[in-house]
Amino acid sequence: MKHSAILLVACPDRKGEVASIADFVYRHNGNILHADEHADEESGLFLMRVEFDPKDFALDLADFGKHFAPVAENFQMKWRLAQSSQRPRMIIFVSKYDHCLIDLLYRHQSGELACDIPLIISNHPDNQPLADFYKIPYAVVAITKDNKNQAEERIQALITEHTADVIVLARYMQILSNNFVNRYPQRIINIHHSFLPAFVGARPYHQAFERGVKLIGATSHYVTEVLDDGPIIEQDVVRVSHRDTVEDLIRRGRDLEKVVLSRAVRLHIESRVLVYGNKTVVF
Amino acid sequence: MKHSAILLVACPDRKGEVASIADFVYRHNGNILHADEHADEESGLFLMRVEFDPKDFALDLADFGKHFAPVAENFQMKWRLAQSSQRPRMIIFVSKYDHCLIDLLYRHQSGELACDIPLIISNHPDNQPLADFYKIPYAVVAITKDNKNQAEERIQALITEHTADVIVLARYMQILSNNFVNRYPQRIINIHHSFLPAFVGARPYHQAFERGVKLIGATSHYVTEVLDDGPIIEQDVVRVSHRDTVEDLIRRGRDLEKVVLSRAVRLHIESRVLVYGNKTVVF
Amino acid sequence: MKHSAILLVACPDRKGEVASIADFVYRHNGNILHADEHADEESGLFLMRVEFDPKDFALDLADFGKHFAPVAENFQMKWRLAQSSQRPRMIIFVSKYDHCLIDLLYRHQSGELACDIPLIISNHPDNQPLADFYKIPYAVVAITKDNKNQAEERIQALITEHTADVIVLARYMQILSNNFVNRYPQRIINIHHSFLPAFVGARPYHQAFERGVKLIGATSHYVTEVLDDGPIIEQDVVRVSHRDTVEDLIRRGRDLEKVVLSRAVRLHIESRVLVYGNKTVVF
Amino acid sequence: MKHSAILLVACPDRKGEVASIADFVYRHNGNILHADEHADEESGLFLMRVEFDPKDFALDLADFGKHFAPVAENFQMKWRLAQSSQRPRMIIFVSKYDHCLIDLLYRHQSGELACDIPLIISNHPDNQPLADFYKIPYAVVAITKDNKNQAEERIQALITEHTADVIVLARYMQILSNNFVNRYPQRIINIHHSFLPAFVGARPYHQAFERGVKLIGATSHYVTEVLDDGPIIEQDVVRVSHRDTVEDLIRRGRDLEKVVLSRAVRLHIESRVLVYGNKTVVF
C-alpha cells in the first residue's frame, strides 16, 4: 500500500471549502489522490475527505495543523489528519463465538486490515488458542453480576496500558456501561446480528424466525448509550426461506456478521467514516 | 403455459402423507409435475403443494373432493384444488401513485400474471387513462373523513358484483377497516415500502433516511387487522448511501416496490403461498 | 430538480488539477455541489466531474469556455460543460419487445429521466399505441435484407431532423453498420441480455440455459464496431435455478434488462459516465 | 443434526415414480423429512432426492438395495443411498493462497461441514501451520515441470491410502491430468475466480479489470476434462467500480471464493447436487 495522508473535515457548508482545501494541498506540493465530499442539506453541514500523497509535501505533517489553521478558522472547520503510515491500534472484545474474531485476525494477518492489534479482551478463556496462533495477547476479564464495575475498570486499565484508537466488539456478549461508552465516542464498533432497526436487542435471529422475514441481516454501528441505536456504518442481508430453522439463520447469519463487521472495521481504519448527527457518511 | 392442477394440503405431520397423496394422483393416472412440502417442527404442521398434469386424469376435477375425501379425512387434511385453467380474479386498489399499478397491468397484459383483472378501484380519478389503455374497468370511490363507512360499503358492493379471488393494494393509501379485512383472510395483498418489521406505519422512507440505514427495502404481505403485521410473502432490499436524499430513496424504492409486489402477486396466483400462523411457506 | 452545471474533464494526471478547477469555480462565485474524480494509474489519465450551482455564477455559461481556456490549456484538458436546464434529446430504437421501451417511457413521464424524447424509431409498427399513449412520435422504418443501406439512411435522416444527443437501443434487434455506429461515438447505448463478456451474440438466455449457470445477467454498454464489446456502463444479475426454463430466464431477464438499461440511461443523461479506453468511469 | 437417510434417484421421466418411492419409504415405516424432484423436459430425465428418518425404518439400510431393486428396475432408476451418519471423507488440495483452506477448516471445525478431512495435500509447505492448528494431516507433494506424472502418482497413492469421497481444490494452482480427473467423476470440486463462462483460464481478475466489468464473480464446479467447463454447482458476484484496482478485485474476490466454494462443498456433502448432462440440479 502506498503511503498517504488523509484530511477529514467537517464545517458549515458555504462556498469555497473545496477550493481552499485543494489549494492548500497543492500550494504545499501535495498530490491529491482522491477527494470526496458531502453537503448535508438538512443540517447545513459540509464533510470532506481528501487523500493526498505526502511524498513531496512541503510541510512536515507534524506541523500540518499550524499551517492549516487559517483555512480551518476561516471556515470553522473541525478537522483531523490521518496517515497511512501510522497504523491505528485496535483492541478486539470477544466472548465465546469466534467467527468474527477469526475473520478479523485472518484479515489482519493477510494485510487487509492496516492496523495493529495490541490486545484481545474476553470474558471467557475459550479463544486463547486462536489468539496464540495469531500471536496476539489475550486477556481474560471474567464478568459476573457482582463484579461488573470492577471488571470494566480492569478493562479500562488494559486499554489505557495498550492504548487503542478503536475498540471492536466482535460478538462481545456483555453490555458496556454508559460511562464506558462515553469515553470512546465514535470509537467503539459493534456488530448486531439483525438488519437494524428491525429486531433490536436479544436473540434477533429468533425474532426474525418468529416474524417470518424473507431476508435476514447484520448491522455494524458505532456504540452509543442507546442499545443498537448508534450511527450505522454498514449493513447487509441474505435471503432465507421457510426451510431455514433458527439454527440455519444463525449459521447463515455468521457469514453476514463476518463480512459486515470486517467491512465496517476496514472503512473506519482507512478513515472513510464520518459521523454527523446519528448517521454516517462513508467515503 | 401448460394446463395443470394444483393440490394444496395442510395437516398434522405424521408418516405417510406424501405416499398417500402421490399414490392418489398416480392411481387416477395423474402425472406429478412438481411436488414440494414442508414440515413445521414447532407447530407439528405438514404443508404440501402438488402440481399434476390432469390431461389423462381419470376423475372429473369437479368431483375431486368426493374421491379425495377418504385420504383427507384419514390425515385430517385441509385442502384446496386450483386449476391453471381457472384464472383467479384480481381486483386492484390504487390511489395516486401509479408505478405498482402500471407494473401489474403490463405484466398482466404480457402474460406474466395468469389472472383476470375485472376491476380497478381507486379513491382518485388520476389513473383512469392508464386503465383505459389496458382496457380494464376503473371505478372511483372517493373517500373522505365522513364517508368512510359508506365508501367501504360501496367498495364491498363492487367486489361482490365483479367477484374477486384476490385483492391487491397497489399503493392504496387508505387503511381498510378490520371488518373489511376479515372478509378476505389471506386474500388481500399489500406492498409496504420498508423492510418490515423496520419502519412500520407512515412515511417509511423518511424514517429510513432519519435512521441512516445503508439498505432500504419493500415488503409484500397479506393484510391482517394489525397494521403492517400480516404474513410476509416477499421482501427485497437495495443499497443506498448518504448521497441519497429522501427523494432518491422514494425513487429507488419504487423499483423495489414494483418487483416485490409483482413477485408476491405471481406467487399467490400460482397457488405457491401457504399461510401458517403468521408466516408463509412459499413453494 | 435544482438547476446545476456539470463540468466534465479528462487530462493527463499531474498535481494541481483539482485545485485549479475548484479555484476557477470558486473565483467566479460558483458553489460546488458535488465533485468526484478518478486517476487511472495505467493510462496516467485524470478524470473529473464537478457539479456546481450556477445561480450566482459570475460568468455567462455560454462564455464558460473562453474563460476556462487558460486552465484547460495549462493541463491539456479535454472538457465539456453540461447544464441540467438543457435536457438532452434521446431517440429510442425498438423492435417488437416492448418491456424496455415502456419502462423508459414511464420513467421519462414520471420525471426520473430528465431528457426529451423527440422520436421513437422502430422496424415494426407494434409499439405505436404505446408511443401514442405517451404522446411520443413513432417512426416505422422497416428493414429487409435488401434495403438495409437505404433504411439506415432513412434513420439517419430522421435523427438529423429531430436531433439526438443520445440513441438508446431498447432491445432493437437489428445490427447497426460500422458506418452508423462511428457517427455517434459514446452516444449509442445498448442493452445486452447477458452478463458480458459471457454469452456474446445471439440468444444469450439459451446459451445461459445450456451452460447451466446459477445467475443470469444484463449489461448496458456503449456501442462500438465490435459486437457486444463496447465500454460497459452498468450490469446486474439475478439468481436462477434448474427449475427455470428458458422461458423463465427470458421472463426474469426482462426485469433485469429494464433496470440495467434505465440506470445506464439515467447515468448518461446526468453526465455521470466518462469513457476512457474501453472502460467507463461512473461518477 | 438429526440422523437421516437420503435417497438420490435418476431415471427416465414417466408417471408413478414419486408415488412408488414415497410408498416404498412409507411401507417400511420411514418418515419422509423432505422430498424434492425435478423433471428435465429436454432430456426426459427425472431426478429426485428423498430425505427420510430411518429411526423406525423396518429395513436394515445395508440391505436397502436388495429391497428397493424391484422399484428401481421397474423405472430403470440409477440410485444412491447416503446416510448422514456416514460422514463423507474430503481431501483438500491447496497451493499457497490460504483463504479458502482456512475457511473450509473453520467451517469443518465449527460443525458446518459434516464431513471428515483425513488429509490436506499441497505443492507447497506454507500452510502446514494452519493444518497443525486444526490437527489435520498435511502432505507436501512438490510439483515441477519434470515430475508431474510421478507427483500425480504420489497424490493418487495418498488418496488411496486415506480414501476420499470428494476432492476439493481450494485454489490449487496445478492443472490435473485428464487421467486423474477421470478417476473421480463428479467428485472433484473446484473454485474458479470468475463468473464462468466469462474469463476462463488464467488471471481472471486481470481479465475482468481489462474488460471493465461492473461485477466480479466466482464459480464452483465439478472438474471435467475441459478447463473451467464442468457442471456449475454455485456462483455469486459482487459489485465493483472503476475505483477498484486489480489488487482490490483480488481482495474482494477472496470473500466471494470462500463463500461460493464452501456453499458448493456443503451442498455436495449433504447430497444435494445431482449432475445431468453438463449441468447440476441443486436440491
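Just a few scattered comments:
Read from first to last, the chains carry the letters A, B, C and D; within each, the first residue is number 1.
The working rule: contacts are C-beta pairs under 8 Å (C-beta built on N, C-alpha and C of every residue); 3 or more make two chains touch, one makes a residue touch a chain.
Being a predicted model, the structure only gives us computed values, none of them experimental.
Its C-alpha atoms superposed on chain D, chain C is turned by 180 degrees; the angle is given in steps of 5.
Interface comparison, A-B versus A-D: the higher count of C-beta contacts falls to A-B. Using CA-based centroids throughout, the chain positioned farthest away from chain C is D. We define each chain's centre as the mean of its Cα atoms; on that basis chain A and chain B are separated by 42 Å.
We define each chain's centre as the mean of its Cα atoms; on that basis chain A and chain D are separated by 37 Å.
Those residues of chain B in touch with two or more other chains do not exist in this structure.
Residues of chain D that touch chain A in their complex: 98-99, 102, 106, 110, 112, 129, 133, 251, 255, 259. Considering their complex, residues 38, 40-41, 195-199, 211-215, 217, 231-237, 241-243, 245, 277-282 of chain A touch chain B. Of all the residues in chain A, the ones that touch chain C in their complex are 15-16, 18-20, 22-23, 25-27, 29-37, 39.
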